[in-house]
Amino acid sequence: MLDIKNLSIEFNDLNGKVKALRNINFHIEQGEIVGVVGESGSGKSVTALSILGLLDENAHISNGSITYHDQNLLEMNPKDIQSLRGKKIGMVFQEPMTALHPTMKIGQQLMKVIRQHKKVNKKEADRFAIEALKDVHIHHPEKVAKQYPFELSGGMRQRVVIALAMSSPPELLLADEPTTALDVTVQSEILNLMKELNQKRNTSILLITHDLGVVSQLCDRTIVMYAGQIVETGLTFDVLHSPKHPYTKALLNSLPDLKKQDQPLEAIEGEVPDLRNPPVGCPFNSRCKHTMPVCHEHDPKLEICEGNHYVACWLRRDKV
Amino acid sequence: MINPQIVTEAKEKNTKTHPIWFKLKHNKMTTIGFLVLFLIVCLAILAPILTPYDPAKINVAEKFQGPSLQHLFGTDEVGRDILTRILFGARLSLGVGLLVIFVAACIGIFIGAVSGYFGGIIDQIIMRVMDMLLAFPTLILAMALTASLGPSLHNAMMAIAIVEIPIYVRLARSETLVLREKLFVKSAVVFGIKPIPIILKHIIPNAVSPVIIQATLDVGNAILMIATLGFLGLGAQPPTPEWGSMISTGWKYLLDYWWYPTFPGIFLFLTSGALNLIGDGVRDILDPKSNR
Amino acid sequence: MTPLVQINHINKIYGNRKDVIEAVKDISLPVYEGETLGLVGESGSGKSTLGKLLIGLEAPTSGEITYRDKVLWKKKRFMRPRPGEIQTVFQDPQSSLDPRLRVKQIIFEPLSALPLKERKEKGSIERLHALVKRVGLKVEHLDRYPHEFSGGQRQRIAIARALITGPSFIVLDEPTSALDVSVQAQVLNLLKELKQENQLTFLFISHNMSVIRYMCDRIAVMYKGGLVEIDETKNVLNHPKHDYTKMLLSSMLKVN
């Protein structure tokens, strides 16, 4: 349904070009839930925003295509994208405050959206709005509808954004860290809601998150990104249980889940490379425990290692 | 589903404004506005070099001469070179326009920030007063104020500044309402920093971009208003070379000496037109809804 | 152990007569010197509000909070113990740093509320450089603007800013929930070390049970504005008493 090929995106800023995405390839099929995890700044949000044409002004798509139902989104005119965005593709933004109008009441914002999609009068729209807030498990939805975004707790804001996105179910939902500000009980409710949407309406979901638990619960396939590239992808079970890329392994190790209180967590040493001048060779080479000379010379390609499991690492290459 | 309009609106509200200047470059009309304004500014700055005449020196022998090589735009009823007076008038109009708006914006942004930051009774009183001022058409209010203060350029400037202030108060206040909920402002409160330093250090610097944009829009208006007040005899007094009063005097001689009011009129039109083009371009980008 | 902060029957009600929201309902609890008290609870249950009462951003509707036996709120006035004594780190590293200031100005900002002598003492360049290095930033970062940093780095800047005044009590409102796990690990380790080095007391608000378990000595659980459970970490985790706590623990997602 959605097919992204060789996508590369750069940002021009005052200090040079930020190569935010480099040669990204992936696809989402109808009814599939795909998870994207990865280091902060690795380009997860940029990927989602590029699908909707909502990138910042200074973005430049230097290469690639995004095909949605045989249409190249990158060549479509802004009006058509606008209507796609309204009807077929929905998005939950990472930063709830950017998606909410700061000086408009929650109820009004919901009604405005609802009335764009359904021909209903004010009263009915109001009812739908309250209904939508209930769906995302907000207590006292009538009260909340009369509040402004800044009066809500972080988690409530995030749920309002989800309610906005779900108020007319899309064909493809892009969810950028939809549950990060939520406690686990609400999180599991929201995840159930998304699962329901997926099963009942066959909605495809691109779920960006840094919570590996969420990925393992919800996603069919998982994509691991690092420094603007996909370093590993495969069925969620395979990626989380037999990770092949050293970065994925390190990521799993840094979870506080299994640690005792008195041991420090295993953080990954070092910093993400500067995307203005990405390092030669593998982007993970400065933090990797298994570097070989080749890692500093050539960038490994994403290659199949078994079944549907792809990884971009020279280590694999040697063993295969 | 996410409403794209709300998202863009909210994005505008939440992101920094530097892409605005970036977008401006792509707007043709705005570019024309910039070019015209640039030309007029150059003429105004270089006025003493460009013309050999004195804008105030009376030379009755040469009165009412038509456009010629000596006097490109002719001379007036006491023989002063009209082009010279227009160029010096440009200095005055642009200078006064900029100064008035600068003062109005500075005062307005401060009042607006205070009003929005403190809220409550202070806010209500300030906003009531501003609404009152805004209820009158600006020009009429400015005329009434100047008339009661006494006709002079200073008083006209003061009056225009006063009628322009409410616009900036409103703008700054609405920015402040958003900013005061930002965590960096909350953090400053937690550190024990007092409200006025917070306003000066955090609120105003972050609210300033839209105010600057509004100001470019208003300079043209201010110049027109100064000219109108001058035309009505309420602004600059003779012999100051001021476009409005030149047009007003020249008006009487229009039928016999057409060049007298026409050339100052053209310059007034070009200047305020250029400023409005720039302002419009800026506004279209700032507020996508108002695409008329 | 002596309580550093004592909260007694605190209520916080938002809104006017018609639409009242009881964000915090009759909460009493001590925070002991040197401990990390974890505050968990449903989203919207009043955790952040409770934190705001402690750092002076919101006044309680009723009840009393004492800090080192001194009352924190007299009527609607916050009686700041000593400027910089109580500090905070917020969740959202995007909006907690002023985009128009350089990192150096940001870190030094809390000092401007201090008396001149203390400001000079604490605002020395050596101290700044040491602090910046301690939180894992570089000295050359000091002249940059916040937008040039990643989420994790910004949170380090916020932590340095909180430490510059030499505080004893820090309220951390979900300091790592906007960060990805590997960066979260770095920041949590850093916080733990800093707490040891500087004998700090933390109120650590989070909804992530595994983070809470890793960081906290005691856990307080809030539900719909009220305090439903407070005990040592291992007791809460192993023998949860309240239904909500049980639900919280059972819905923890594992990477299984």
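Letters A, B and C name the chains as they come in the text, with residue numbers starting at 1 for each one.
Just so it is clear, a residue touches a chain if its C-beta (ideal position, glycine included) is under 8 Å from a C-beta of that chain, and two chains touch if they have at least 3 such contacts.
None of the values given here were measured: they were computed from a predicted structure.
The touch graph of these protein chains is complete, with an edge between every pair of chains. Seen from the C-alpha centroid of chain C, the farthest chain centroid is that of B. Looking at contacts between chains, the pair that accounts for the most C-beta pairs is A-C.
Chain A and chain C have Cα centroids lying 28 Å from one another. Centre-to-centre, using mean CA coordinates, chain B is 47 Å away from chain C.
In terms of their C-alpha centroids, the spacing between chain A and chain B amounts to 46 Å. Counting partner chains per residue, chain C shows two or more touched chains at residues 92, 95. Looking at chain A, residues 97 sit in touch with two or more other chains. The touching residues of chain A, counted against chain B in their complex, run 54, 56-58, 82, 85-87, 90-93, 97-104, 109, 112-113, 116-117, 150, 161, 164-168, 170. For chain C in complex with chain A, the residues that touch the partner chain are 14-15, 19, 21, 40-44, 47-49, 91-92, 94-95, 148, 150-152, 174, 177-186, 188-189, 192, 207-211, 213-214, 224, 233, 244, 247-248, 251-256.
By the touch criterion given at the top, residues 55-57, 80, 83-84, 86-88, 90, 92, 95-101, 109-110, 112-113, 147, 158, 161, 165 of chain C touch chain B in their complex.
On the chain B side of its complex with chain A, the touching residues are 1-4, 6-7, 9-11, 13-15, 19, 22-23, 174, 177-178, 181.
By the touch rule above, chain B contacts chain C in their complex via residues 16, 182-184, 186-194, 197, 201-202, 205-206.
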